[in-house]
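In the two assemblies presented below, subunit A is common to both, partnered first by subunit B and then by subunit C.
What follows is the complex of A and B.
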């Protein structure tokens, strides 16, 4: 094996890990960064997106439409959850964790009762290509591009649109924004829906690559949490670089010792990083700038 | 002697609900009923009650860390699992002769506490607080579950103890008290019942004393306002770490007793669902009070088991709904609310009496 194929293999694994971390974390990061709420039902929103995507594809629609449907349904569920539960708990951040955990329990178990212990999956599209002695899935490359696309869209949304400006104003000084006539409740609702929708998108994108079970959210949340904890409250200065750093750790550990040690590497990384940078990467960057 | 007496005076104080002769005579009555109860029941029911009692320790640990300390830890089941596995590994390797199971109990709890020191150092001295603490502890728990679940191969053994992956370890000896002549083996009925009941009363009263001591007052002060506590000269990190370690030891005790009770331990005892359950008991009971936590845990556990008979799938959904409703409607807990109401009622009566 020559250097070029080796480098490609490493790059591919890095891209795969990066896409997984960023896609599974950005919904969580938006909700946490903008509202200070940790959504423990995040994994279940991902599961919801994956299930809806699979169901739409089984109904005969093409995969991209299915993913869109998964995203939209998750966002709608997010609006409902925000209205019924989260809205009443903004001044009690610890209680939102507990309440969303209750929701996660209901969602996992409810899905198990209603849909059954497993759901027929969706085939991975696009096939594969050959580099050197190994074959690689094209879909993984698509996922990597999707992760970059999501980051770009979020950047555009929060910096270039009216909603983004209002949302950032609401986050910085809620009372002042309200005094200036911003409907902060609506902004919170929309932000939560946006985070839930992103979770649904992650679920839809990964639906063709994994088995659909009610507990599938649990495979995402650890990576999502770790990325958000290391990244800190800012999506762009935090989540994206944290995804990059952790992807290196995960890809290296995984190719060295296997999947599990990739995850253990993540955990050790997070414990060390929180000791050194308690506010995460974005906190570190922002302090450096001011 | 006076020092000893002042220790007892700490049994009631500002940090615990329940005081005065009325409360303590009720306590004595409940204790007497609990002591007499196995004489009027069968082995299975008594064993089941032991099962309930075992969980109270982990609930108390969460009450201490979350309710009094104000730091929400999802990692209690991690310590539960570590101590449970520790007990299994030690007793399978060294057997139960010469009272070794009791040494294994202490050693397993110590291992869990040691792990908490390590983890707690990184968290509290890194000034992790609030939601992040919950996430890091949850990640640790899930990681441990995944790690233990993949230990199915024969290469995963410690001494003669196979870890057995997802199926978990089993067939470790139950707790055994060395006795001249014949050692007393505490199977999961009357014998174990009295041991666990004794431990429970000891831990409950001990925690009451601890929480009403100056240590407990500082812990509550930190929960209310960490900056203020720090300005008053207390090293917040140290107090939080100590609370965390005590809590971990209690969760570990729960794990050891659970393992000894059923003679098995599996990775799923550290999974998402397992980690959620103690939280539900404590939240529903009333996290900022020891008595409410004990009562709440026993009531919810009994209710959960009753529901399980009709369909365990729906029982979990019901638990989730119960948790969400408690947080929304009675954030301080249902049992604590009822107890405070009773307290006000009795206070009104006693004031009217003279």
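What follows is the complex of A and C.
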């Protein structure tokens, strides 16, 4: 086996792990990392996106439009959840755990009762390609590109747009932002919707590759939380390098010793990073070391 | 003052309910109580909701036809949520509080091993209506599901003859997957094959890119997939999209999780499964069962092997109770010891083996086509669960209440 094949396979596995970590995490990075809401229903927003995507594709829509629909519906659900539940809990981060956990149970069981125990898959598009002895799925490359695209969009959104500036101001010093005439309630609402929509996008993107069941959100949530926890408060400067570091560890350990060690390696890496950088990677980058 | 009044009221309410409850029980002519502990939510629900429905169907039929020895059959059902601790909780509850005569419980082997000591401790009587890795030698248990000597001793040699002798196992990382993989290893070796590789996947893992590459690297002739739970089922879609294109063999797929219905063709192309029942089986008995099932539960997505196991288990229990003229476990086991507890099930004739209290089966080799249609290249009739008996487990003489494996067989007397 030549070096180029090996290098490509390592790169592909890294990209695959990176895409999964970043796409799982970016919605949570906004809701938990930025807004401080410990959203245990994150997996259910992902599930919502995946279900809507699959349903619209079954109804005849092309996959990209289906993913868009999944994203939009999740964002709308996010607006409603923010309005009814989260809005009252911004000063009580620990209570958000209980509230969102309850929401996640309701969403999982509600989906089971209303939609049934499984939903038919939509099939992965694009087929495969061959490099050396291995064949790869083209769609996984699409996922990697989507992860990079989402990170770029998030960076642009929060740094270059008026909404981004208002959102960051509102979250940093809410009363000052309000005094300057910012409608902080609206900004909170929109930011939460943005996080929920990103979760829905992750669900939509992964829907063709996975089993669609009410509990599917659970397979994302561990990766999402560890990425955000070690990433820290900044969406772009945290999630991107955290996803990169964890993807290297996970891909290397998995290829060396299998899936179990991949998971162990991931968690050990998280413990070390949290120990060394209590404010996360973005805290380190922004020199906020305590 | 108010406190004592409250307490009095509460006591009155309690005794009232108790009196009322016992009156109800008398009114219902002392029913035979059957506890049903199955996962109706959580990761395993897709494969197990049908079991509950099958038990309801059988109970309805039996009650319509006059019950068991003239006593109605009453179901006490709890949702175990794919959670092992729930099994332990509810097993204690059905045995101690609800005082059921028999319990039908469990999907995953982890859950069975979680509740089995409780059944033993409270001297209960449980049916495990699920295919599994074999080896449970316990007088408190009856197993109606298929075991490795029924599923692998048929499947693996067929696959090795058809596709070649290099085998790769991808298994769920818990007792079921580990012990089943041991069986595969053993049978592959006995047939002169070689293991190209093995990987154990933690439950709940849904991303398989690296595992897929490991398989391609090992270049096996076919892959034995012993993946469990809905998350792990994502493997098929991901392997298909990476164009792995290897035949697959399994004892759990299709027959449990109807992956061929859930995924878009052709992701399960060339999947071979040995199962004792799936709804595609084209015999009059099977069609009759399927029609009855669909009449009662029209929205059931699939009638799988565990549904059939559960359905026939209710009838087997009825037969044993009526022959023993008692719901006592000791009396029922005397009937089993006669060795002729058999019935014509939807799959064909089945009998309970007195030595192991496991069941003989008709084993169907189901092949999934490129369009996800099912064909049956081969059928083995009356395959006995012989391994435990041959290895030295004889429940008619001794009840060790233990689980054995090929590497840990029963102690020789």
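Quick note on the criterion: the second predicted complex is superposed on the first by the 287 of 290 C-alpha atoms of A that agree within 3 Å, B and C clash if a C-alpha of one lies under 4 Å from a C-alpha of the other, contacts with A are read in each partner's own complex, and residues count from 1 in each chain.
Here is the rule we use: a residue touches a chain if its C-beta (ideal position, glycine included) is under 8 Å from a C-beta of that chain, and two chains touch if they have at least 3 such contacts.
These figures come from a predicted structure and were not determined experimentally.
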| item | value |
| --- | --- |
| Room on subunit A for both subunit B and subunit C (clash or fit) | clash |
| Touching partner for A:218 - first (subunit B), second (subunit C), both, neither | both |
| Subunit B versus subunit C as contact partner of A:267, first or second or both or neither | first |
| Which of subunit B and subunit C A:229 touches, first, second, both or neither | first |
| Touching partner for A:209 - first (subunit B), second (subunit C), both, neither | second |
| Contacts of A:89 with subunit B and subunit C, given as first, second, both or neither | first |
| Touching partner for A:99 - first (subunit B), second (subunit C), both, neither | first |
| First, second, both or neither for A:275, with subunit B first and subunit C second | first |
| Touched partner set for A:109, first subunit B, second subunit C, both or neither | both |
| Part of subunit C, among the options 109-117, 145-153 or 325-333, whose backbone runs into subunit B after overlay | 109-117 |
| Subunit C-contacting residues of subunit A that also contact subunit B | 108-109, 112, 215, 218, 260, 263 |
| Complex contact set, residues of subunit A against subunit B | 32, 36, 38, 85, 88-89, 92-95, 97-99, 101-106, 108-110, 112-113, 215, 218, 221-222, 225-226, 228-229, 260, 263-264, 267, 270-272, 274-276, 278 |
| Residues of subunit B defined as touching subunit A within the complex | 72, 119, 122-123, 125-128, 130-132, 134-136, 138-140, 142-143, 146-147, 150, 272-273, 276, 279-280, 283, 313-314, 316-317, 319-324, 327-328, 331 |
| Contacting residues of subunit C [partner subunit A, same complex] | 41-43, 45-46, 49, 173, 199-202, 204-207, 209-211, 213-214, 216-217, 230-231, 233-234, 237-238, 240-244, 261-264, 267, 299, 301 |
| Residues of subunit A touching subunit C in the complex | 9, 12-13, 16-17, 20, 108-109, 112, 116-124, 126-128, 130, 133-140, 208-216, 218-219, 251, 254-255, 258-260, 262-263 |
